[in-house]
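Below are structures written as structure tokens.
Same chain, two partners: subunit A is paired with subunit B first, then with subunit C.
And then the complex of A and B:
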């Protein structure tokens, strides 16, 4: 398998994954949280590489630490979780840069970590993306209804005898693994575009969750492949091209959605 | 003992003097503006603005001379600020759309840089700053932009505070909220522009957010909020700068000074939180 074929496979896997999980993230209005997570993967990946363990392992540990700290700080501090996540965002980048300086005998391509290098992804990266996709599909198939109910009506969900916090935690886990396996391909900074843009575009085109879960992955895969081809054509950063294509698709969807009849979007017409 | 000699006399070196001036200026500016960022809960808007300014800086470096990055950043910041105000005005408060557009602007910057040669080295300098090698022109521009930012919030200070505490009441009292929001966004953008060159685009967020957040933990009055934020921003900045210099020269590990400053800030914030939890004064926390 040539490196370009491998890139195509990985970007397709990652596209389906970001489309599915992104839909849940956008509906639950967790975009800013997901953004904080993507930033956290950066120092995690640097430290993971320096320690000789895998990039993804470092990133997962960093994400877990960040989630824990944000939750903790959000409880105890005046100013709330917003300030806390902001501080930790900054801390993440600083920690990454410092770790890289202290371990300067291990060569690390910083730009690859920040903006992705889909052309140099390994088979392991691909396998991990496939595993993450499998887990997310399982979660959506078996717990999808619970996730959505808890998302739209936490009180009602509690009233049925379930714990909404469990679903919140499940969404956090899904977001974390998505961010971690997407990062090698698209980079710590640009991953959020692939999570948020296709899902927001799908939201503009339909009000039906089932349809969103088809449109969003399709658009995400389309952005990935188109971005990859564009970056090869013009020899510029692939991650940036993918993010830009995703954004253009979102813009088109917003315009199309505005002109679509509400019935076609599946909205309840009063 | 050349190393020790160097360490003890860092202020006699012109590049360190320039760095100290820049960091003190930035500390004062970010301390004042950062309090408003915290009061108004604009952390993520600030993060977005830092990303949005990036293509301007990149284009400035790629296509223009020494003043280029500042002008490019200023234009990009103006465009992003106008765009965000427009979104807010039209009621499109979708955080997804905002996040995507700002990341897209960032991507434009990456594309611009990746077209030039030595893309990787240039990118790292833009992202993590070059505090040790700022030029005299950059020192002057930083000071001028910082003064503009402080002037912008000080002129509107009354309406900013009113809006921060009660948006609806401020509207009822006759303040033009669009104007209030716009002027704060402009001030934040100015700080982002002036700080991006020195501490790097990714680390600006630290010096803009942490002083306000730290002051908010301990301060009980508006005036003490400003005093704590301002003195912390200046002292923390200097500590990070001297630390980076000591490690770079003493241990021969070239750490980016911007990252050292950000690390000092974040560590101090976590320490302040820890102290707060241990002591937990009744009614502490100031205005909520």
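And then the complex of A and C:
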């Protein structure tokens, strides 16, 4: 398989993954949290490379630390989780820069870490993306209805005898593995574009959750492939092209969604 | 409703006739509930049988919602005992209980249809590992029909009027085929047609042997549909048949300095919406 074919496969896998998990992130209004996670992967990945272990392992550990910190601050200070996400977003980025400076004797491609390097992804990156997608699909198929109930009405879900915090934790895990396996392709900074933009675009185009779960992955894959082709054509950063295409598609969806007949969006007009 | 009238009605499908009328649906003895170690409600001793409706009345913060959450097992029991269907209450065990939280608990504009919301009432039975079956869909259809919302089943939940959303959440609670229904301020903000529709549904449920516990500020509603009233003010002020509990003396004891007017037709508590 050529490097370009491998890049196409990986970007398709992470496109489906970010579209599906992004839909849940957007509906739960957890985009800032996901953004903090994407930046937390940066120092984790740097330290992982410096220690000679895998980039993804370092990123997972960093994400776990960030999730724990945000959860703890959220419990100590009511409403503090949002502020903590914002602060840790910057803090994670700074920690990555510092870690890189301390380990300057190890060559690290900072541009690839920050903006992605989809054309140089390895087979391992592809396998990890496929595993993450499989796990996410299983979670959505079997726990999806519970995730949605807990998001829609946590008090009602609690009244059914379940704990909404368990579903919150599941969403955090799904977001973490999505961020970690997407990072090698699109980078720490641009991953959030693939998570948030296609899902937000789908939200603008339909009033049906099931349809959202089809449109968002489709737009995400479309952004990935179009961005990849554009980057090859103009010899520019693939990650940047992918993020830009996703952003443009979101803009178009917002405009189209605004003028779309309600019936087409799946609204039942009384 | 009289005991004899209840005895003429068919029992719910999952209830044996011998259980009806012999075991109270709710039995609380000197119960107290706490939030994070602080007692929010105490000295509650009540009993409600199948087919009875119990109104929880009291000022804001008097412990009405606390009692519902206590019945659901969401709050620890600080003292006394609580039995549901004759069994000691256990956290997380909600079999046979339907719960209608206050409407503000839902996320507006969520991309989900009314039918999907009502199906949520079946999730306890469906669990994680299986999908909805014909029996689940049939229970959802029945709940929609009972609340008069069949024609709106495909509509996005957030696009419904406040009254329809409230009835939709009631349908969700009914889809689980409850024998005990806990309703938290279900009549808040309802217009007259929706209020009448909800009242009709509650009467029908009583006839089917469902026990209803409803928190409300609406004393007329209590008189209309409830057999018993529990007056609360952080503790039990009075409990018993509606007409015996809703007296001027009891209401003033529960509502403090608020002026209460009582005549044979209506009770007025200024400052509380009816």
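The rule is short, and it goes like this: the second predicted complex is superposed on the first by the 263 of 270 C-alpha atoms of A that agree within 3 Å, B and C clash if a C-alpha of one lies under 4 Å from a C-alpha of the other, contacts with A are read in each partner's own complex, and residues count from 1 in each chain.
Following the convention adopted for this analysis, a contact is a pair of C-beta atoms (placed from the backbone, for glycine too) under 8 Å apart; a residue touches a chain by one contact, two chains touch by 3 or more.
Not measured: the values here are computed from a predicted model.
Q: More residues of subunit A are touched by which chain, subunit B or subunit C?
A: B
Q: Classify the contacts of A:212 with the two partner chains as first (subunit B alone), second (subunit C alone), both, or neither.
A: The second partner, subunit C, only.
Q: By the touch definition at the top of the document, which applies to A:102: first (subunit B), second (subunit C), both, or neither?
A: The answer is first: A:102 touches subunit B but not subunit C.
Q: First (subunit B), second (subunit C), both or neither: which does A:11 touch?
A: neither
Q: Look at A:244 in the shared chain and tell me whether it touches subunit B only, subunit C only, both, or neither; answer first, second, both or neither.
A: In the superposed model, A:244 contacts subunit B only, not subunit C.
Q: In the superposed arrangement, does A:158 touch subunit B (first), subunit C (second), both or neither?
A: It touches subunit C, and subunit B stays clear.
Q: Is A:148 contacted by the first partner subunit B, the second partner subunit C, both or neither?
A: second
Q: On subunit A, what residues does subunit B touch that subunit C touches as well?
A: Shared contact residues on subunit A: 203.
Q: Can you list the subunit B residues touching subunit A in their complex?
A: Interface residues on subunit B, with respect to subunit A: 38, 41, 43-44, 46-47, 51, 94-97, 99-101, 103-104, 106-108, 110-111, 114-115, 119-120, 123-124, 127-128, 202-203, 205-206, 209-210, 212-213, 216-217, 253-256, 258-260, 262-263, 265-266, 269, 273, 276-277, 284-286, 288.
Q: Spell out the residues on subunit A that touch subunit C in their complex, using ranges where they run on.
A: For this pair, the touching residues of subunit A are 27, 142-143, 145-146, 148-149, 151-162, 203, 206-209, 212, 266-268, 270.
Q: Quick one: in the complex, what on subunit A touches subunit B?
A: Interface residues on subunit A, with respect to subunit B: 26, 29, 31-32, 35, 73, 76-80, 82-91, 93-95, 97-98, 101-102, 104, 109-111, 114-115, 189-190, 192-193, 196-197, 199-200, 203, 236-237, 239-241, 243-244, 246-247, 250, 254.
Q: Given the complex with subunit A, which residues does subunit C contribute to the contact?
A: 72-74, 92-94, 99, 101-102, 105-107, 110-113, 116-117, 119-120, 123-124, 126, 128-129, 152, 154-156, 159, 169, 172, 176, 182
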